[in-house]
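Residue numbering begins at 1 within each chain, and the chains themselves are lettered A, B and C in the order written.
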Amino acid sequence: MVRKIKDGLILGTIYLAAFFSVVLLAGIIVYVCVKGIGSVRWSFLTTVSSVLKGTVGIAGNIVNTLYVIILTLVIVIPIGIGSAIWLNEYAGKSRSVRLVEFTTQTLAGIPSVIFGLFGMVFFGTTLGLGYSLLTGALTLTLMVLPLITRNTQEALRAVPDSYRYGAVCMGAAKWYMIRTVLLPSAMPGIVTGVILAVGRIVGESAALLFTAGSGYLLPGSGEGLFHKIMESGGTLAVQLYLSMSKAQYDTAFGIAVVLLCIVVIVNFLTGIFADKLNAALRK
Amino acid sequence: MITKTGNIKIKTERLNLYYGNTHALKDITIKIRANAVTALIGPSGCGKSTFLKTLNRINDLVSSVRIEGGVYLDEKDIYAPGVDVTKLRRKVGMVFQQPNPFPMSIYDNIAYGPRIHGIKDRNSLDEIVESSLRDAGIWEEVESRLEGSALRLSGGQQQRLCIARALAVQPEVLLMDEPTSALDPAASLKTEELMRWLKKKYTVIVVTHNMQQAVRVSDETAFFLNGEMIEAGMTREIFSYPRDRRTRDYIDGRFG
Amino acid sequence: MNVKAKCIISKDRVCIVETAAQAIFTICAFVAIFAVGSITLYMIANGVPALFKIGIRDILFSATWKPTAQEPEFGILYIVLTSIMGTALAVMIGVPIALLTAVFLAEIAPKTLTAVIKPAVELLAGIPSVVYGLLGLMVLNPLVYKWEQNLYRGSETHQFTGGANLLSAVLVLAVMILPTVVSISESAIRAVPSELKTSSMALGASHVQTIFRVILPAAKPGIIMAIVLGVGRAIGEAMAISLVSGGCVNFPMPFHSVRFLTTAIVSEMGYASGLHRQVLFTIGLVLFGFIMIVNLILNNILIREDR
């Protein structure tokens, strides 16, 4: 009898905890949407804030976010995939493998403030890139590198050895084999890593505040598009922080809604590709 | 090995192989005849598969392997420094126990090898794909769905596809590692038929657990036990008048 | 080297491409080593000078923080203590809830419910930290302010924080570590072999007893890893708590306005210069030290698990 009551109490606590977690999430989403949806108008998304006209718009921040995503991915994808290929296909079991794996895991654990400080002094000052989208992207490259490396590595591990032997027996050289057989098979895993990286980049603020700065203007056309890389630019998350510290809460909630939508899309896509990877694993 | 006709395609001289500290092959000396089927038999773990894998240097992929002695293909040592391993593997094709088609279309599977070796022209590729699939006896079955995924074929079809894929690079030798053990009896018989036919063009070496299969398909047989080659010769002689008692015991089913 | 030399002599294209590919991949792999190495180096190079200029005792063990005064003082003791205390409290609140949720997901919930809750937890993990900060500021601070008013009604010594205090920050952090701890410990619980569970049940233990006496102990390494990762996340978080925690340097008590290692950097970096800026890097170095300790613990767990 005592045991039954005790079990019941514990079960009750477990239900309560789970219920709390779910209500919390639902509450967050509903609250943000209710507070923010009013701000999200067409002009909010397509114009730039103007002090003269007194209007608010985040078009510049959206463009900056896209810049940072693309720049970061262009740099990080080849490095991350290359690193995973080396770890899984070339390196064997040496001490340097353990060092690369340890440092990759360490990178994943370093807080974004530290990345911000490092990016500011290394890319910004030492390399002379200043506050610019490029500085921000280079900093984020280091931050999301572990995501790409690990996901690619896991996907490569899932490719059966028989594919490797099959290709090598046809006289394929190693890189040719990797390019034509392994990478296509590992693609769902790699894409998962890339989508997760996009999620991280979109949500990041601390590492970008000191590196990419807070510019909110749209780039000029033509050459301006290219010059923008070397100019300061705040992403959506950075702008959200700045609006918040200036007590412009309507703008802040508007951006929060946009960010939430992006997060939902990112998670949805990740789910799809993770399922594909799992299906491939089971084969 | 006692040979009456034909040239020697492959020979090994005092071949020793170690996995770390394990001595897996001991002093193997053998001559393998061109345009014949040679069967390697013996209980599991006797070294027959390991031996097969030394012939196209696929053991190189395992880092702890060390090899002593010589393996000669057409009188040339394939372990000599400066040998291009990819060219060697093109000459010595291999088919595995589990069919391992790549996750691509049937056409791309067959064209994989030729493309490696620089054939890009669509007409030549078409020709190679057709003739390889015909040689492997599977052309009629897949002719209409060359662009379909190779993974959708049955196990037996996949294995013949893998044979066709190996043939597409025009090898001289074909190594087969228990090619029928994952197949049902009907598919096995088809593959055996294919082996007998293939020896007209190629030198075939097959590892098998199945002694009836060795009798049915091979011209010569070598018996392996505990990393040693006990006896080799004409299949008929080995199975009728084995000289070594251990061979006799194995053939009579006393162990393995 | 030999291979390369041969490639150049024979001018074999395949050989050159292969060698180049391997070299490029090796370089890619070493980017991680280079990154961690140079981050460590830069943090030390920028953070150590202030230690010597001001004196280790006057920075690390002094509680007076007046960086912009005529005669500035840079004691970060309270800041360090706040980070330690904040992280500890957040873990104490967040981890039990997260563990119970993980137990629920892995052992109790029907599949359909898990299929709803799991994506929800993942979503929670994906929400940007600034959004948590915004919510903390708009929802939690007013709420905590009410508690504060009730608790300190009539008090003359208490400095009212308007809800922006350690307690609010701790609650935000507790929520933020929830998803990490839930998902990692859930997979650890799922990885426990089902024979253990069946044999415990066969001995007459109830499901709840089995969970707490057999399954959770068996999943301990994974759960510890989850907690360590949660600690790492809590100690390194900046943007979510920078506006929620108040921002004065005080001894860490629930209703004190406080400053963390991370929030000190974020809120002062914009205007700091000279020695003040160097001290901010020292704060960064201290934070980095904490994180490296967390990482080493994590690495040890992973290595032990490998065996």
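Heads up, the rule we're going with is that contacts are C-beta pairs under 8 Å (C-beta built on N, C-alpha and C of every residue); 3 or more make two chains touch, one makes a residue touch a chain.
These numbers come from a predicted model, not from an experiment.
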| item | value |
| --- | --- |
| Chain closest to the middle, measuring from C-alpha centroids that were averaged per chain | A |
| Chain separated most widely from subunit B, comparing mean CA positions | C |
| Whole-Å gap separating subunit A and subunit C, where each centre is the average of the chain's CA atoms | 17 |
| Averaged-CA centre spacing for the pair subunit B and subunit A, given as whole angstrom | 48 |
| Centre-of-Cα separation between subunit C and subunit B, whole angstrom | 56 |
| Residue list for subunit C, restricted to those that touch at least two other chains | 14 |
| Subunit B residues counted as touching two or more neighbouring chains | 86 |
| Junction residues of subunit A, two or more chains touched | 173, 176 |
| List of subunit C residues in touch with subunit A within their complex | 14, 17-18, 21-22, 24-33, 35-39, 42-43, 46, 96-98, 100-101, 103-105, 108-109, 117, 119-124, 126-131, 133-135, 137-139, 175, 178, 182, 206-209, 212, 229, 232, 235-239, 243, 262, 265-266, 269, 281, 284, 287-288, 291-292, 294-295, 298-299, 302 |
| Residue ranges of subunit A in contact with subunit B within the complex | 92, 160, 162-173, 176, 180-181, 184-185, 283 |
| Subunit C contact footprint on subunit A (complex, rising order) | 3, 6-7, 10-11, 13-18, 20-22, 24-26, 28-29, 31-32, 35, 78-83, 85-87, 89-91, 96, 99-100, 102-107, 109-118, 121-122, 142, 145-146, 149, 173-176, 199, 202-206, 209-210, 237, 240-241, 244-245, 249, 252-253, 256, 259-260, 263-264, 266-267, 271 |
| Subunit A contact footprint on subunit B (complex, rising order) | 56, 58, 61, 63, 86-90, 93-94, 96, 98, 100-104, 112-113, 116-117, 151, 162, 165-166, 169 |
